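First chain A sits with chain B, and in the next complex the same chain sits with chain C.
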Partner chain A sequence: MDYRIIKKSKITEYLNNLINEYVIFAPIEKDDIVLYDRIKSGDEVILDYSNSVNSPKEAVIPQLETLISCKNNEDITCVKEHLDEQKRFLLFGARPCDARSLLFLDKVFNDEKCRDVYYMNRRNALTIISLGCTRPQETCFCTTTGGSPFSSEGSDLLFVDIGDDYIIQVITEKGAELVEKLDLENTQNDELTKMDIVINKSKARIEPEMELKILKDKLDSSFEGSAWEILTEKCLSCGICTYHCPTCHCFDMIDEETKGKVERIRLWDSCQFPHFTMQTSGFNPRPTYKERYRQRIMHKFSYCFDNYNMAGCVGCGRCVSQCPVNLDIRQVLTAFYGKHEEIRL
Partner chain B sequence: MKNLYLPIPMKVENNHIETEDRNIKTLTLSFLNNKDEETFNFIPGQFVELSVLGAGEAPFGIASSPMDKKHLDFSVSRVGLVTTELHNLDPGDTVGMRGPLGNGYPLEKLRNGNVLIIGGGFGFSTLRAFTNFILHPQNRKQYKDIAVVYGARNPGLLLYRNELSEWEQRSDVQLHVTVDKGGESWEGKTGVVPVIVKELSIDTDNTTALVCGPPVMIKFTLPVLAEMGLAPEQIFLSLEMKMKCGIGKCGRCNIGSKYVCTDGPVFNLAQLNLLPQEY
Partner chain C sequence: MTDVSNKIREEAGKLLEKGEVDVIIGFEKGSIPLSATPCFIRNEADIEKLIWNEYCGNNLSLYLSKARGKIGIIAKGCDTRAIVELIKEKQVQRERIVIIGVPCEGMLDRKRIMIRCQSRNITGIEDQGRQLLITGDSLNVAVEKDEFFYPACQVCANRNPVMCDVFIGNTIEEQKTDEFTDVTDFNEKPSEERWAYITDEIDRCIRCYACRNACPLCYCKECFVDATQPQWVGKTIEQSDTLSFHIMRSIHLAGRCIECGACERACPVMVDIRKLNRKMSADVKNMFGYKTGLDIDQPAPLSVFKPDDSEEFILDI
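Right after this comes the complex of A and B.
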């Protein structure tokens, strides 16, 4: 592994050097919450934060995007593709869980049989610099889902906070290219020792809660059980968990006619909404909260293993912290895992 | 990289009223670009997303045989926004199409065996495509006995009536058209599909059944097929789910870990028995 070091006080300057070449998404503070958003200047960025409220998936799957369009008076033969050439895109300060979530999204959208060109255009233009977690939060459970607070999976560069400096782990070619461009210094041995101490201390704070393969078996055998009804009693089907989730990627496609234009738009949708699976006949295969919540859990912890050999969850904890009725996914999973004798919520 | 969301332009050749209630029309489309016509290859049972700009897209099974390279048929029941727009199309109008999507009927497995085709109501469209395909002079020899059971609620709701008469005349296909309720002028069979299937005498050893129709028909037909001695691996069903992308991304048509749009829409009963009852 190649390592570099950067002074914390230099980050703003480095980001400003890159701002003409890259569209930069980074954590910023807005209305008292931390969000990933596009920055105009390096000094907007805050790096002393736990995790952002929104996930950075918007960098590859915008909440709303036009796929094709034409003018009102034109027909299908005049359709225009909205595939503009992407400017290089830098995701700075992402958490390792969020970087890992992109590897999951790749499995869905970069599937060799049906590649999604809109996703791939943005993905190929994306470089990810993540920031390891020295202080995992109470809601974090990345290690349970196969990640860790300093996992480099999905990152091009990984920053480790060692006090006044960041150690930079160079993970990929793309990352190496960026490091060369910035002309960063090499590390000393004592700095690497400091890094190991930071990493080990953090890892000790977040032990895995269960074995995913066993969890999958338990979920598969509990599909019909009454537990789902009890567990989802308080769910509002509001879908906030899916909007904040870095791996949730379900979308709707609608046509919209605005001022002289017809656009086919793709927008985020949620498996928690009743209309998501409602057929025109009125038949709905997932008619109640129970089936919809079960779908979310089964999809992430069973079906994704069948299809992609990884969980569809990176343990970022956003669904835990954002749920208006405190429905904690970890408690639901633990209940099925059988750690508790009875289901407690 | 191909843009899988970009529809290819099609021209409406005909928009024919199928049923007496005028609720189902069969849309015949041709390709506007020669290149699309050359590259579009499909197998019966596959579907496409048809789109009318401004109204949106909806999935439809291809109702015509792939032996006709120039035209594609789609039988459209008017139930919502897109289907109403499709009903309003006139010859010469244009429409968008993405596809072919899904897996289609298992042609390899069906070869050199008997085929039992069971369709109900509007679900008959892709089975019509398949029947026309195997009855084609170039293909007929590859299949042994062919039996078709097709039912509708009443005679006015039967689709493809001209073709049914043609098949009736043929000696190499056993056709059983039935209606739930006949009325005075109806001279054909009366009775629901499972009852008619039960009366068939076929050698089940080397037979594959293809089933598509309303849930109630499927529910009562499957036990009849089992009783006749057909194993779950010999029974194929074509399923329907709400879909948007048709390419396994938008997340709504899954049954367990299978996506109806990419793993289906055709599954055999052994596969379905392993999946949750969420369809």
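Right after this comes the complex of A and C.
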């Protein structure tokens, strides 16, 4: 692998050099909370952070996007498709779990049989620079879902914090191109040793909690069990866990007539909302929080293996830290896995 | 706190043992630092799980209409105010619940404490009364509790349960807050400034509906915002749609909101949702002399008509 090194103090300058060529998304602090958002200047970026509140999936599947539109009173031939050429897009400072989530989204939206042109339009323009985690949080469980705090899957470049500098691991051609453009120095051996120490120290802190293949079997055989009702009794059926999940990708389509035009809009939807499965007849196959929460778990840890041979979860822990009632997905999984206390019926 | 936890367990145990309730809704230890989580205890063997501390912020009364059978509920002042309204609105039958009231000196805001701790891993929390000494990964901070109580707790005037069957602990002194100074202060600002504040806040909203779902008084089977035939509110995150949702919800809660702050606590992006609801509460108090959730027999102002009712909001005089 090719390695380069960059001074931390130079990051702002490098980002400012790229800002005319790329739309840059990076972690910034806004009203006290850390969010991935578009930056106007390299100064805005914060690098000493655990993880952002929102996930960077907004870069490829924005919460709201117009797919087609048509002015009022025009015939159908005037329908305009909103597939403008994308400016190059840089996701800077994403966590390795979030970078991995893009690989999962690719499986969904870049399927041979069904390729989503709107997604691909953004995805092809995207370069991802991720920042390895020297301090995984207590809510993190990336290693359980097949990742690691320094996983390079999904990243074009991976930064490793070794104190005053970052070691840059060049993962893909896109990454190499960027590194050449910035004319970055090569690394010395002692710096690489430092890097290995940092990586190993962090990895040791976050052990996998279970074997996902076994978990899938256990979940498949527990679909009908009463455990779901007990485990999810406190669930509020809000959309936090899905909306801030980097891999949740369900959407709704609406046609809106506004300001003299009609637009077909795609916007996020959540399997936790009752209306998600409401049918025109008035029948709802997932009428309560139990069926809805079960769907979320089964989708991520069973159906995704069937369809994509990977979990639909990267273990970022956002749903754990943000759930208003502390319904911890890890506890739900371990309950089925059978490692912890029995579920009392 | 340990004393209170023990007493809660004792009383809950008695209720379950005697068969007076089928389930106790209370709190157990959370899975992450600085947290507690709602729990449903049906078995005497699980009584030990029940705890009480400064992280028991959730308003448990929202579970009353969902749970079946006879229910014992651990309730703070604000929770009991919600129960009063729920009984008044015939969502909960008084005889179906046993209220275990616990005085509350305020609940701590985990999210803001985590921000103070730069979201670092916490390995030790030492409670020193007025202060928390938090240690962890490159972390050593002293957190003054007074600065980290939820905003709703800071202006709470009902720290003691307003109605209960079993009382735990000792009555505590109520805060002498002139309750609506925050609303008055905000009202005095120029309208552009107020508009900018509200829209800035609302712009962060992702429409996850956690505020609505955490609210004990938002129990409609179908919320106006979910209705599709007709569709009252746009589904997008454009400002006009999001703001419509929040304003309509706030108006729907006028004379019903019990100011527990559950909406704000649930919000993942820390939108100051209470701002709108507080204004409604202040208006209801000023126009109708009514404060929610105090008296089970006092009719709700918007469900009765009196010839001398204030008409300010209709005629703008």
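One rule holds in what follows: the second predicted complex is superposed on the first by the 342 of 345 C-alpha atoms of A that agree within 3 Å, B and C clash if a C-alpha of one lies under 4 Å from a C-alpha of the other, contacts with A are read in each partner's own complex, and residues count from 1 in each chain.
In this section, a residue touches a chain if its C-beta (ideal position, glycine included) is under 8 Å from a C-beta of that chain, and two chains touch if they have at least 3 such contacts.
Everything numeric in this text was worked out from a predicted model, so none of it was measured.
On the superposed chain A, the positions of chain B and chain C stay apart, so the two partners fit side by side.
With both structures placed on the common chain, the touch criterion links A:E191 to neither chain B nor chain C. Contacts of A:E209 after superposition on the shared chain: neither chain B nor chain C is touched. In the superposition on chain A, A:P324 contacts chain C only, with no contact to chain B. Once the two complexes are laid over each other on the shared chain, residue contacts for A:N307 go to chain B alone; chain C is not touched. Residue contacts after overlaying the shared chain place A:E291 against chain B, while chain C stays out of touching range.
Residue contacts after overlaying the shared chain place A:R135 against chain C, while chain B stays out of touching range. Of the two partner chains, chain B and chain C are each touched by A:D252. After the superposition on chain A, the angle chain B-chain A-chain C between C-alpha centres rounds to 90°, nearest 10. Contact with neither chain B nor chain C is seen for A:E65 once the two complexes are overlaid on the shared chain. For the overlaid pair of complexes, the smallest distance between C-alpha atoms of chain B and those of chain C rounds to 8 Å. Comparing the two complexes, residues 252, 254 of chain A contact chain B in one case and chain C in the other.
Remark: chain A residues 30-35, 48-51, 53-54, 63-64, 135-139, 230, 233-234, 236-240, 242-244, 252, 254, 256, 265, 267, 270, 273-275, 320-322, 324-328, 330-331, 344 touch chain C in the complex. Here chain A touches chain B in the complex through residues 67-68, 70, 75-77, 79, 81, 83, 108-109, 111, 113-118, 120, 223, 249-255, 257, 262, 264, 266, 269, 271, 276-281, 283, 285-286, 291, 295, 298-299, 302-303, 306-307, going by the rule given at the top.
Those residues of chain B that touch chain A in the complex are listed here as 1-7, 9-10, 32, 51, 53-57, 79-80, 83, 93-96, 215, 240-242, 244-245, 247-252, 254-257, 262, 276, 278-279. Chain C contributes residues 30-33, 35-40, 43, 45-46, 58, 62-63, 66-67, 112, 114-115, 118-122, 137-138, 200, 204, 206-210, 212-214, 226, 228, 234-238, 265-266, 268-270 to its touches with chain A in the complex.
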